[in-house]
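To start, the structure under review is shown below, and the notes come after it.
Per-chain numbering from 1; labels A, B and C assigned in written order.
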Amino acid sequence: MLHYLSLKDIDSLPNWVQEARSLKPNPKLYKDLGKDKTLGLLFFNNSLRTRLSTQKAAMNLGMDVIVMNFGSEGWALEYGDGTIMDQGSSEHVKEAALVISQYCDIIGIRAFASLTNKEEDESEIVLESFKKYATVPILNMESSVGHPLQALADAITLAENNTKSKPKIVLSWAPHPRALPHAVANSFVEMMQRQEADFVITHPKGYELSEKITGGCTIEYDQKKALEDADFVYVKNWSSYRDYGKVTNKDTNWTIDLKKLGQAKFMHCLPVRRNVIVADEVLDSAQSLVIEQANNRTYAAQIVLKKILESLS
Amino acid sequence: MLHYLSLKDIDSLPNWVQEARSLKPNPKLYKDLGKDKTLGLLFFNNSLRTRLSTQKAAMNLGMDVIVMNFGSEGWALEYGDGTIMDQGSSEHVKEAALVISQYCDIIGIRAFASLTNKEEDESEIVLESFKKYATVPILNMESSVGHPLQALADAITLAENNTKSKPKIVLSWAPHPRALPHAVANSFVEMMQRQEADFVITHPKGYELSEKITGGCTIEYDQKKALEDADFVYVKNWSSYRDYGKVTNKDTNWTIDLKKLGQAKFMHCLPVRRNVIVADEVLDSAQSLVIEQANNRTYAAQIVLKKILESLS
Amino acid sequence: MLHYLSLKDIDSLPNWVQEARSLKPNPKLYKDLGKDKTLGLLFFNNSLRTRLSTQKAAMNLGMDVIVMNFGSEGWALEYGDGTIMDQGSSEHVKEAALVISQYCDIIGIRAFASLTNKEEDESEIVLESFKKYATVPILNMESSVGHPLQALADAITLAENNTKSKPKIVLSWAPHPRALPHAVANSFVEMMQRQEADFVITHPKGYELSEKITGGCTIEYDQKKALEDADFVYVKNWSSYRDYGKVTNKDTNWTIDLKKLGQAKFMHCLPVRRNVIVADEVLDSAQSLVIEQANNRTYAAQIVLKKILESLS
């Protein structure tokens, strides 16, 4: 039984990317594979691309889909062991996960980092609790620490646009008015560590990501130097990891424009704040791959669901 | 590629009405037409009839349906050109529309008037932005200015109940405690301008609808005179258009009762506030067509979706 | 046309339980029965098990399902007769029920007790109004007074686990921080009155359920005595019925632990507050049937929907 919690669950990234790309000419080819199987999508947080593309992927595979906004439609969950549940939580994840496993053949979960409790976030408490107590495969639709469906879509997009044997790929921090999680950046870094590339991370001092994830990566604090001769620039804001969840820098000098981008292709997971993260001129240019990335979310979700379904039979 | 943004998108109202009526004996007849096609319904506002009837119509055509409450489940959208997005909006409609076009074959949108910014409302900023940036057909599920699915259902209902070559049809304003949009009234007027009828609009002074829409219509401020010998009375509240979005009149003398109605049939789009808009005795009488109107919402949506699907193949 | 509003709508509980159990080996066997039929699920309150298991049951029967959160997605409903609707409610249940009947072949409704207006709650105002005005069957997904899908799932679970001709079954109150409705307890009692069993209800003084429901049942205020030699212990909190909707007792001596449980099987409808209603050691033991009960929710819903569908043809 295959879970998809992080990129570590992919046995061969190149193979999965290749298989995902091969779905595109005929997305309904495996419509019998998911017949009479139910995918339950549990949203603890908002979602546009993940919500729609995962439903689309499941329908392409012939699955029935049940969507639930856990916060507003269900019960507040408890995760602690031995808790006396006389406060806000009405149901323990032990029961919820076991119960939902009886109604769904695969459970997708979106649960962002709190950005207030580093230890709890790093323990992936929601995702890991569901994995521990559910009896069916779990699909990570963005968790505290990672967004592996996005990273897989990014890998597909890179494969479709790359022409070099060792392209230069830069992950650049950019400013944002609110505190954002590290999940997308983390999973992109993990994906890059499985790719042949000249990979550089750039961000202001104090914005270092977890060393457990970036270990071995080149970090260049001078954005201009980092961007030199880049083939792909992946831009993303994240809040401080050291000063956990804080916004300590809103320096608009980090915003990406065409001059900074040079000849590189521009990537971002969306939603993106125009003229804060990146200038209009970039998003509206042919160098932007953001719409292709979003399209590849369907095929990333579909290849993952296909692998999971195959692991069940 | 056919959009359905307003009644202007109907090439022949009588033909569409006729075709919609012909769907009724066998609503599933065209179930293969929508096979493997996805309808995405984006709700920026609450909905009962539109939500259910549009889903039902799509399922009758064999489509897959994805429903999303954009406000609570997605990201706040930005519509301005060149905006520095460092405030509340997380995503620009340029990205949202392009991205959703990749997951859905048709996009339905419900986005009410703000009733605070007349210019923005009249520009149909949400609907027109999606039309501009999406690459798939857009379906208007009630916008700032119009509700053409309702008007088409009303045309079907009139056709089913009318026995005269030139019936007298009255659109009458009625009081309401809260400020309501002009969309339903506007689309009804537009529809009437495509029908053979003796059409009269009646409302208190100061409640004139946009002249761009009512141009050429008879306006009679004396409700009693307007209702004389009417065959159909369509009742609806709207807030002031001149004093934009304000409730300047709650005169219960405008409430419709059986005496005022005479022999006419009563129409309303629902939801209707009983004994404010109209007396119980009218709604509970055989002269009320409101339930038929709501039923015809399914066939209005179905003929529109059928026409759009045919325009795609 | 069969409604499922309470256990009274079951002609033979043993037969329904038997038929529900027979669905388990092949849940998709009757997938043609619901073909081209639409189930509309209207949620006025939160739900996890009911939401997912009823959708699952409907999909097992081949039905299309439309889910709507009435509170947040639709309009506030009015139930009074002759009301001048100039306050918060936008739509009368008379219109809503008739309209939805035109889009859905069966309407499921979840509407909890207010716990503030005993008379209104006891009149089952939401459920009975829909039954009165709708033209299609109504399915109770937990109402003010009852939760008959839960009770039917409980009957299935008892049948699967009972080995005696007349088991001792105890319904025990347990403490809870917030005021809860009486629906689950009521329906369990009603179900027990249709079963061969030595049935005892235990709760603190002042927590008597409605005599209209418990009439003829043994009530034992000493929990220890009540639990002696029990085969099944069904635990549930409810707020005071006499002092309507009030929490007048939070005595943790009523919490169930393994010592109190003895050799009995433990039952609860979920969600359950661990270490408030019941100790971890019970839920985590093999004596707990709560996960089986939740699983049987699918088959309870499926047999009810199957009976209703058969009543339509």
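As a convention for this text, a contact is a pair of C-beta atoms (placed from the backbone, for glycine too) under 8 Å apart; a residue touches a chain by one contact, two chains touch by 3 or more.
In this text the structure is predicted, and so the values were computed from the model without any measurement.
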Rotation angle superposing subunit B onto its copy subunit C by C-alpha atoms, nearest 5 degrees: 120
Residue-number overlap at the subunit A/subunit C interface, same or different (half cut): different
Subunit A-subunit C separation of Cα centroids, rounded to whole Å: 39
Multi-chain contact sites of subunit B, meaning residues that touch two or more partners: 72
Subunit C partner contacts - residues on subunit A that touch it in the complex: 36, 38, 40, 64, 66, 68, 72-75, 78, 82-87, 89-92, 94-96, 98-100, 102-104
Contact set on subunit B toward subunit C in their complex: 28, 43, 46-49, 51-53, 55-56, 59, 69, 72, 177, 270-276, 280, 283-284, 290-291, 294-295, 298
